[in-house]
Structures are given as structure tokens and as C-alpha cells.
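What follows is a set of structures for review.
In what comes next, chain A is part of two complexes: it sits with chain B in the first one and with chain C in the second one.
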Partner chain A sequence: MSTPPRATPAERIELAHGAGGRRMTELIDGLFKRHLSNAWLERGEDSAVLARPDGRIAATTDGYVIDPLVFPGGDIGSLAVHGTINDLAMAGARPFALTAGFILEEGLALAELDRIVASMAAAAVAAGVAVVGGDTKVVERGKGDGVFITTTGVGEIPPGVELGVERIAVGDVVVVSGTVGDHGVAVMSRRAGIAFETEIVSDSAPLHELVARMLQRVPGLHALRDPTRGGLAATLNEIAVARGVGITLRADRLPVRDGVNAACELLGLDPLHVANEGKLVAFCPPDAAEALLAAMRAHPLGRDAAVAGTVAAGPPGLVELETGFGGRRVVDWLAGDQLPRIC
Partner chain B sequence: MSTPPRATPAERIELAHGAGGRRMTELIDGLFKRHLSNAWLERGEDSAVLARPDGRIAATTDGYVIDPLVFPGGDIGSLAVHGTINDLAMAGARPFALTAGFILEEGLALAELDRIVASMAAAAVAAGVAVVGGDTKVVERGKGDGVFITTTGVGEIPPGVELGVERIAVGDVVVVSGTVGDHGVAVMSRRAGIAFETEIVSDSAPLHELVARMLQRVPGLHALRDPTRGGLAATLNEIAVARGVGITLRADRLPVRDGVNAACELLGLDPLHVANEGKLVAFCPPDAAEALLAAMRAHPLGRDAAVAGTVAAGPPGLVELETGFGGRRVVDWLAGDQLPRIC
Partner chain C sequence: MKYVDEFRDGRLARVVRAQLEAEVEPRRSYRLMEFCGGHTHAIFRYGIQDLLPAGVQMVHGPGCPVCVLPVGRLDMAIEIAQRPEVILCSYGDMLRVPGSGRRSLLKAKSEGADVRMVYSAADALALARAEPDREVVFFAIGFETTTPPTAVALRRAIDEELSNFSVFCNHVLTPAAITSILESPEAREIGTVGIDGFLGPAHVSVVIGSQPYESFAEEYRKPVVIAGFEPLDVLQSILMLVRQLNDGRACVENQYTRAVSRHGNLRAQRLVSELFERREDFEWRGLGRVPYSALRIKDRFAAFDAESRFAPAERRARENRECKCPQILRGAAKPHDCKLFGTVCVPENPIGSCMVSAEGACAAYWTYRRHETLSLKA
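Right, the complex of A and B next:
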């Protein structure tokens, strides 16, 4: 249990906490600023003023509506930091500031919000990035669901870094940074109330330092993506369609935890469709693959990195999986809503 | 009526539209990109890559949960553009990119979303700023309320511009850019189903060009704020407390529309507590007030600008209103929830 917030005597969020008056200021000062304290928030202006960056700017926004708010390996607060840092990292950007917009439901326990904001603050400190601005809105009971967080990241792309799907070429090697499906299975098993022998823990983690190492060692890297919603299948399908190429994965090369495989079988899921929050997929020229793997494996978040596939001329727009027995199957993306509110 | 979206045969948002698969891509391509088309969105990367700015960066985030979604003078889409541009403008920043995170409720009519995104796009074009990135999440029916939008703005602060509450000094003149209370009354009257003889229309508008004119003419401006939630009363109280000064307003100098006064009387509101979305309050040294007023009145959004008060040594932390008969009353900020979901 964390210390109860000193913000206000009320124990739950009320509409007044979002009305722009004294109660809102109490909530912001007593809870948000207490955890996320920094010079920008203390200044209390409508905009945070940041230094002029050395390079181009990267900007990204992601809404977090995960259900449940707390899951094995994280919560919506840490996820909202990691997910947005990772979107910056995929552009090769060093995160330099985050902002967070909270939409709170009337009736939310302040103690729960306190834990979430504390977790967000801890994740930001661990990643070396500040939450420089934010906003709080309150909606009536039954018009929201506890907490939604929309996090925006602003980053700086070092001169010389050029990553993008348009650089992916036939012959490229597809490298994944570790096991797939951990986050989604951790959330789904908590949601379904299923306990496995070995608890599956979300892989939620900030990838910017891993990416910095990769770029240092292999500046000619073509593209990076983090396979979140829709899993590796959605990410690779998007790329196959966008580039008009085929992508072939090898089942025996794809790292998947036994527990994730078992849970997926039970839940009727394919690990390739399940969200990840601390994994990336990299596309690089074949002659750089060894150096890239070495750089990745030297970092804790890339320890299980593996070459999982290759980019081919065709069939264009198609992702295929080579199974162990010489067979092939098409890896489609999900059309339906098998995994709502996974992030 | 706008053209129905070509996104998908479905007429309403379904959970599948947020699941990261094919349906989400259809929604993004067929609706969001159709309206908000630009090079960054077309690129479809996790982060938008922007040029290196010439000055310092300003960043701001605001969530929009306004109820109803459409109101006289605007809708949640245009509001989400104006409100965020204005927060940048208050730092003296030229807006250079916006991002928008949508949280959609299952069951939302696609035609309604289409109108809102079209309105957002039109507001962005009119203001000369691009929505360079976004995100879409879907929550189950009864866990949201149609559409919530969280908009982040990134701006560029020209060298030499230094605005901030810490520069406000005793003797400063308080200038408002026009009538107060229009936005809140427009929304509340729509919500209460009240029709007035003269319809009150929201003042929702982007203030960055007005601010650019003001800074050009009066580079020594001390501070700018946009009195949104909580109205002018909340903004001035925050400043009075932060700077330990007293602020005196003169009732006869404060521009308020007759219709707003009448509606406030009927609704039991004080126009000073009512939100504005296209107004600003400026603090400047007394010898610059005339030049500032002239610059403001030359711009359509500052036509009704007026000196509404002054900053005094005390009583510290207090905002007072001088009434027409030589009386004074304290202008407190709202503690309660008189005006929920006004922006």
C-alpha cells in the first residue's frame, strides 16, 4: 500500500476535481506534482518550454485504456511511459519530454490514482525522461472507466539517423528483440482470472537505450517497429502491404515462452497476434545482422534477440510462417476484436 | 450532412476498430487520413519526424471531454485544435504541429465521428498547423462517452520572446482581449435546452496570430493566459496566489455581452467563472498598455480588448472587483462542480 494522497480529504474523484477551480488545483498540487515534480510542472504554465534541440524532432501520441489498470509486470501508469518512449525510440529518437492527459471517472479511488501516478513517475525517472506537462479532466460515473491516459512524447533524432519503412528492402533480415506475446497474455490471463503454473509477466519496458546501442553499432539499420496492438502479425502485415514485399518468418526461430504458448492455446490466441510492450522488430541488411544481434544481446532487453525471418520480393503484401515440417501458412492480421483494451 | 465515411460498411464504431488489426487500419485510412491528410500521416510511422526548430520548443497537452459534442459556434473537433493552439500561444510559441489521441465509445455513429474529424481538419487548416500524428482507442459501450480527444501541441518560441507569470509585477495592467463567458454560456445553454432571444455562440478561436501581433508591437509583454475552465476568476486567482499580489478588476471595464449576463443570471452563474476558448488575458507594464490595446484592437479576435484591471501589492493572493458604486467584492474561484465538461 502506498501512502494515501494528501491532496484532499475526499477519498474519491469528484466532478469538482475537473472543474478548473480550487479542488482541481489541490489535486494537481497534492497528487500529480507530488509524484511528477520537476521545474516545468512547478512553473505551472499552459505550455512547457524546452530547450532548442540539436536535431530533428520526433512527436508521438498514444492513448492508454488498458483493462485492468494493474496487471502482472506493470500498470497503466508505467505502460503510458514505456509505450510512448518506445514509439519515439522506433524513430531513433532520444526521448526528451513527455506530457500526459488524464481522463478520470468520477468515483475513482484517490489511492488508486496515487499508485498509478507514482508508477508513472518511477517509470519516467528510470527511463531518464520528465513529464513536463499534463491535463486532468473528470467525467461522470459511467461515462469513463477509472483512468484513461494519453501520453505524448517529444524526442530528438540525432543527426545521421534515418529510419523508416521506406528503407526496407528485399533481402533484409527481420530481427526480433525477444520473446513475443508476453504483455498480451499477462493482461488476458489477469482479465480472464486464469492462473498459470508460471505467471506470465508483461514485458513492458522502455527500449530507447537498446535502440541507441543498436544504432551505434549498426548505423545502417533500415527500420524499427514495436509490435504492440495486433502483435507481430499486424506490424509485419502493415509493412508487407506498405512496401509491396513478402515477409517470411521461421517458426523455429521465433522466441515464444512456453507459458505464453500454453496460455495462447487455452485462450484460443496466436502469440503472433498478441501485443508486446517491450519488444521491437528490426529490419537490416543481411551483412549487418550478426553485428546487430551482438549489440542487442549485450543489452538486457535484447538478450533473447533472434533472426526470425527475411524480406522477399513476394508474394507481395503477404506474411508467411515456415513451420518445422517444411510447411508454410499465411499469417493474417486480426480482423476482429479478440483482444480489446490491451494497451 | 457530410458524405458518409467510406471507411467501412459498418455504421458505428465497434471494438474491432481499436484492436490494431485490419478494421483499425480501414478506419484510420478511410476516415482520419481522408480528412487530416498530410505527409506525416501518410508515412504512417509510430512517430512524426519534424524539422529542427529555430527556437526553443513549447509543448502542451489538453484533454477534451465536452458535453455536448456539438455546440453553437463549434464542436469537440475544432475546440481540440483551438484550445491546444491557444496554450502554445500563451507561451508566445508559433504552433508547428499537433497530435491527437481519440478515445471512442463502441456504438458511436461513424457519421458523427466523420463530422468531428472534418471539423478538426478545417480548424487545423485555418490555423495553418498540421495534425502530424494520432492514435485511436475504442472502449466498450458505457465505458466512455462518444468521443474524447486529447490534443498535444508542439510549438516554436522565437528567440527573444520571454513570457511567464514570474514576470508579472505590481503596477502591471490587466488587459482582456474581448467579452468573457461566451463559450461556457453557449455550451451550458445548449445543455440545459435553453433558447435565448439572441443565441450565444462560443468564442472558440485560435489566438496565435493575435499573440504574434501583440509581441511584435509590445515585445516587453509580461505574461499571457487563456482563461478557459474556471473562467477569468480561476486564472487571476492562480496568478494572484502564485505571485503573492492582489488583482483588482473594474466591473465597468470588463466586457460581457448582454446575452451572457442574462443567461448567467438565469443559470445562476457568474460570467467571471465561465470558460472562454478564444480569449486571453495579458499582463503588461502600464506604459505599454496603449500600444498593446491598439495592436489587439487591430486584429479581429482583439476588437473588444479592454484594460480590465491592475496588479497591486495586496491584499496578496486576492482578486477583487470594483463595482460601479465604489464597492468592492472578492472574486473567488469555484470550489465546486458548477460547470462540468465545459471543454
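Right, the complex of A and C next:
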């Protein structure tokens, strides 16, 4: 087999790259397969054929439309890997394969796409997950925003793991794996019109190994969620409504970086509403909290884990915060997005 | 955060709370109006009501520029935005506010209008320089705090002869609105609920000083404390008002000494008066027409005034008759007194002005206290 032709950096995406002809093959072989190479992609079949795992299978899909494409701590490529892995991990699954669909806008620099796909490949390798299939479409200039990516993931849930919101009980403790709001603030700091300087980088990271450690140590864990869009506030409100319970957070226990607090202060945002891409929130019985915290803090992605609140009988459907000042307030979810397109 | 955390210290709050409890006279009621939506927001965000003795009641004023902007003015902005040559620049919290027929700037944007969210008037000016072939209109709203930045942008545009920049001016004035509340039927009628004192917005006074409030203290015998926006600022200011009322004093006191002086920022005042003049009257959502309560761009600079440049049709929109916002804004009713609150009127579908912005009283009750508020309603 001859070496596939390399895309030269000066080139840009043209409509022909999505037309099914030779240009498309050049793009797939010269760029996508070069970075994401594995046995399934090399076979070049219409479907990847995977061996059946022993356990149950978790499957999920997620679209990524973030603006800007590159942000402090990551880019749309790594985010598209981490985000889908994390959705699998929240079911207790060990992810083993991803597929990726790319919608490219005419005029996108091939060099930029190259960087994004390289970053995607590096994120997948680091997480031990293969990208086993993909698709590319090109839309006319002005009909996209550089690149949109959709990834679908499958993972195996080990026997005995039972996670779900229905298992959350009154008295459970609410544990967050680290500081909240890092991703949203990092992205906003690079957005046209509000760019500001911050040392905050996105927390975008794959959480499945942290989850495996947690489950190993505390098999009786009740539920896991990753608080992405809408932040911790949206995730907890969803759960409070779904389970008909109240959730009380304590402001003084909630880990938030100074830089995130400062940026939120400046922009009039609440860190509880700001997105995360490498954090989880866990619900577990109170007697297991200490063991869970110890397991989480022993992993680099759970170093700042903290018990941030508890589940109460009521008021049903309501999330409340004990403010550091001595009062209480409701933690609402937002009527709309604070700012569009952060993931 | 240095210089912020100090003013959110829970231990100091307990000290002030103990002082309040010791000094508030039993069986006496203290009805204190925080004029500004920023104060309302701070009170709810930090749960300050939980720290107040039973006799101290906070009444929420009309100081939220998004809330009090009449629907007709928003309709005019939408009309301007729909012109194909126009880029309308607006602060973010204005975008979702529904105008007539529930049309918002965001909706106009989805239908093709070029509406952009900006963080300052300077951003709109930069856009006008970058897009010389388009008409850039800055949708200016706000109290005395946001007027000077608009004035700076306008002054620069005039000096640069930037012919594609204009301002749709909706700047309003705090003292005029307080006068209107003090002159309202509820406040004048002896024996009905009144307001005993005011927390004045410190950010406004950084610009206008504390002096404009002196007449309220003298003529209406109402104490005023110029208060900062951090929770300890608010709590301390409440204590200062309680002390004035206990002593039978009515004067203007300045809690926010770290930035407010008696005369304010004279340079900013000069720039504003160079470019703007008072409108004879202006409609406030909830308060009705208030004399000399808003600014317009002087005729000399009409070329930079979007109202004369695009001549949008003057509109009057009718408010829902069940809505209690006018009474709530004057301190004569609470959100739970309104039939619409929490039933048809919620932040996703605001009917009245107090639900429109996060800083409005109804939005704050809904966002931070809806459980108690709905149970009071029942």
C-alpha cells in the first residue's frame, strides 16, 4: 500500500471534500486515518464490527458545536472524546469504542482540522478508547461554524454496577469531584467581545478511570452525573425534580477557584450555572461518604473532591444553598443559556 | 477575592445581626426600600432577610433598568433592528425581554435582524469603526451608572465624525423615580403603608454623589443611607437606617465611603450634561409617566441620535390589568399578592416588569424564594 498523500497546510476545505470522490478519499486517508489509525478504520468497511463484551452495554451520543474551536485546556476534538466518554462513565461503563461524525464548513483551514483531529486522536489514546468509525460531510461557507462534531460511544458496564437517579435516597450525601465552573470560564475568556485574561483552563478530561476507582471502593454508590451545560445547578435541579426530593448545598463546602469566582463576579454569572467538562457529582449513603472521598482524592481528577450537600425530604424539587453569609436561597436553573455554545 | 470576600464575611454578619437585634425596638415596624435591583439581588442571593429581626421589612424598589423600560421603547428598538442596514448592539439582559406580541430582540434576530450582545458602549463603537458600511446602533439603557460610558462612546463618535454610529437613548434618573414613589397615593395617604427609609444605590452615587438625596431627607423626612452592594454593606446600611429611625433623625448617610463623595464624579457629570438633556417626562413600566426622569441626546447631536435618525414609530403598549407590578414597585404590594405570580407569570414567560429581569423583585422571589412565596400566596 502506498503512503497516502498529506494535506498541505495552506489548503482549505472545499465542497469537493464531501462529495464522495477522490478529494474525499484524500481527506479521509491523508488526515483522519493518519491520526486515528486502528484496525477497524484500516478495514474501511461501512460498519466497525466489535466483539461482544461480557457485561451490559451502555450507548450514548453527543454533538459538539463549541465556539471558539480551541480554548485554554482543550479544543473541540478532545472535548468530543471526553464528553462522550463521560456520559458512558456516569452509567459506570468502561468505554471501549467511539464513532465520530464531522460536519465541516467550506473554507475551514485543513491545518486547523488537522490539529483538531490530532487532538481527538491523542485524547482517545490517552483514554484507551478507539475511534472505530466516522463520517464527513461538507456544508457551504456560512452554513456551519468551522466544524461540528458528533461522537457516539459504547461501553461495558461491569457486573454488579447499578447506578441511577432512582436509587438516590433522602439522607444521601452529594459529593463533587472538584472545582466547578472551570470549563465555562475558560471558554468565555476566549470568546469574541468578552475576551479577558485568566489563568483558568478547561477541566475537560475523561472521568471513567476515576469512576472505576470510586465503584471499586464504594460499590453501593447510588448515582453519578456530569454537570456540563447549565452547570451543577441544572444537574441538581433535574435530579431534585425527578426524585421529588430537596437538595441542600453549602456554599462554604463548594470548591470554586478564585479565578472562576472573579470572572463570574465580573460577568454577573453564578459559578453554579457555569459548565464543567471534567467533573462529576456523586450521590452515596452517608456512611460511605468518607471512603468515597478517600478514593476520589487518591485520583488526580478527584483531588479536590468535597461533600457539598445532602439530599433531604423536602421541599420537593427544590435545590437550596446555605450561603456563607448565614442565609438560605434557592439555586434555580436558568431560563435560557447564560451564553450560547460552550460545548 | 481580595476586597470582596471581606464584605461577605459570615462572622462579621453575625456581629451586625446581633446589633440589629439589640437595637430594633420591639413592636415597631421598619419598612425600608432598597431602590436598586442590584440590592434586591444581593439581599436574595445571600439570604439577608434570614438575618433581619421580624420588625424589619425590605420593600423592593423600581431600580432595575430592564424592568422599568416600557414595552413601547423595546418595540422601537426592535423596529430599528429590523432595518437591513442596522446592527443593533444591546446589553445581554435586554435580549430576551418580550415586547408587544411577545416579540423580543432574540426573536427578531432569529428572523434575520442583526442583533449583537455587547458588554459596553465602547464595544459598539469599536464595531462601528470595523463595519463602516453598516449602521451601528447602541441600545443604551440604565441609570446614572451606565450613562457616562454611553456619553464617552458618543463623544468619541462625534469627535471622530463616525457617521455610522448612533445611540437609542433610554437612560433614566434615580432621584426622579424616588420622588415619584414618595408622591404616590400610597405614600401620601396617612395611615396606609408607607416607606420609612431608603437604601440608596452606591454605584449611582459614585457618579451623582450623595447630595441629590438630601431633599428626600429634608422635605419628606425620610432617612437615606447610600449603600454598597456586598452583603455586609447592605446589612450595615440597614443598621444605619434603623439607628436614624430610632433617633428620630432623617438625613443622608454614606455607608459606601470607599467610593462615594457628596458631589460625585464631576467630570462624568459634565460630560453627561454636555451631550444629554432631561426629557420632560418618560414612561416607566410600573410607575407610569414620571416628569423629568430620563435623558435624551441634545438636538445639536441629533445625527448621533437613533431616534431622530431612524424615526421609529412612538408606541404605547397596554399592560395586563391583573399585574400588580405598579404596586410592587412602589412598595404597596408584595409578589405573593399578585394572582399572576408563579401561575402564568414566571421568568420564562414574564407578564409584568418585575419578572422581566433577574434583578426584578418578582424574579428574585421566584428564583430564590419561590417555595415560601407560593405558600404565602395559597
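Heads up, the rule we're going with is that the second predicted complex is superposed on the first by the 327 of 343 C-alpha atoms of A that agree within 3 Å, B and C clash if a C-alpha of one lies under 4 Å from a C-alpha of the other, contacts with A are read in each partner's own complex, and residues count from 1 in each chain.
Simple rule for what comes next: a contact is a pair of C-beta atoms (placed from the backbone, for glycine too) under 8 Å apart; a residue touches a chain by one contact, two chains touch by 3 or more.
Only a predicted model underlies this, so the values are computations on that prediction, with no experimental measurement involved.
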Give one of first, second, both or neither to describe whether A:Ala291 is in contact with chain B, with chain C, with both, or with none.
-> neither
Touch check for A:Ala212: first (chain B), second (chain C), both, or neither?
-> neither
Could you look at A:Ala111 and tell me whether it touches chain B, chain C, both or neither (first, second, both, neither)?
-> neither
First (chain B), second (chain C), both or neither touched by A:Val70 = neither
Applying the touch criterion given at the start, work out whether A:Val125 contacts chain B, chain C, both or neither, answering first, second, both or neither.
-> neither
With the two complexes superposed on chain A, say which partner A:Val201 touches: chain B (first), chain C (second), both, or neither.
-> neither
With the two complexes superposed on chain A, say which partner A:Ala262 touches: chain B (first), chain C (second), both, or neither.
-> second
Can you list the residues of chain A that touch chain B in one structure and chain C in the other?
-> 335-336, 339
Note which residues of chain A are touching chain C in the complex, please.
-> 193-194, 252, 258, 261-262, 265, 315, 318, 323-330, 332, 335-336, 339
Contact residues on chain C for chain A in the complex?
-> 1, 4, 8, 10, 13-14, 17, 44-51, 92, 96, 116-119, 123, 231, 347-348, 366-371
List of chain B residues in touch with chain A within their complex = 14-16, 18-25, 43-65, 86-88, 90-91, 93, 97, 99-103, 132-140, 142-145, 148, 150, 152-155, 157, 164-166, 225-226, 228-231, 234, 238, 242, 275, 333-342
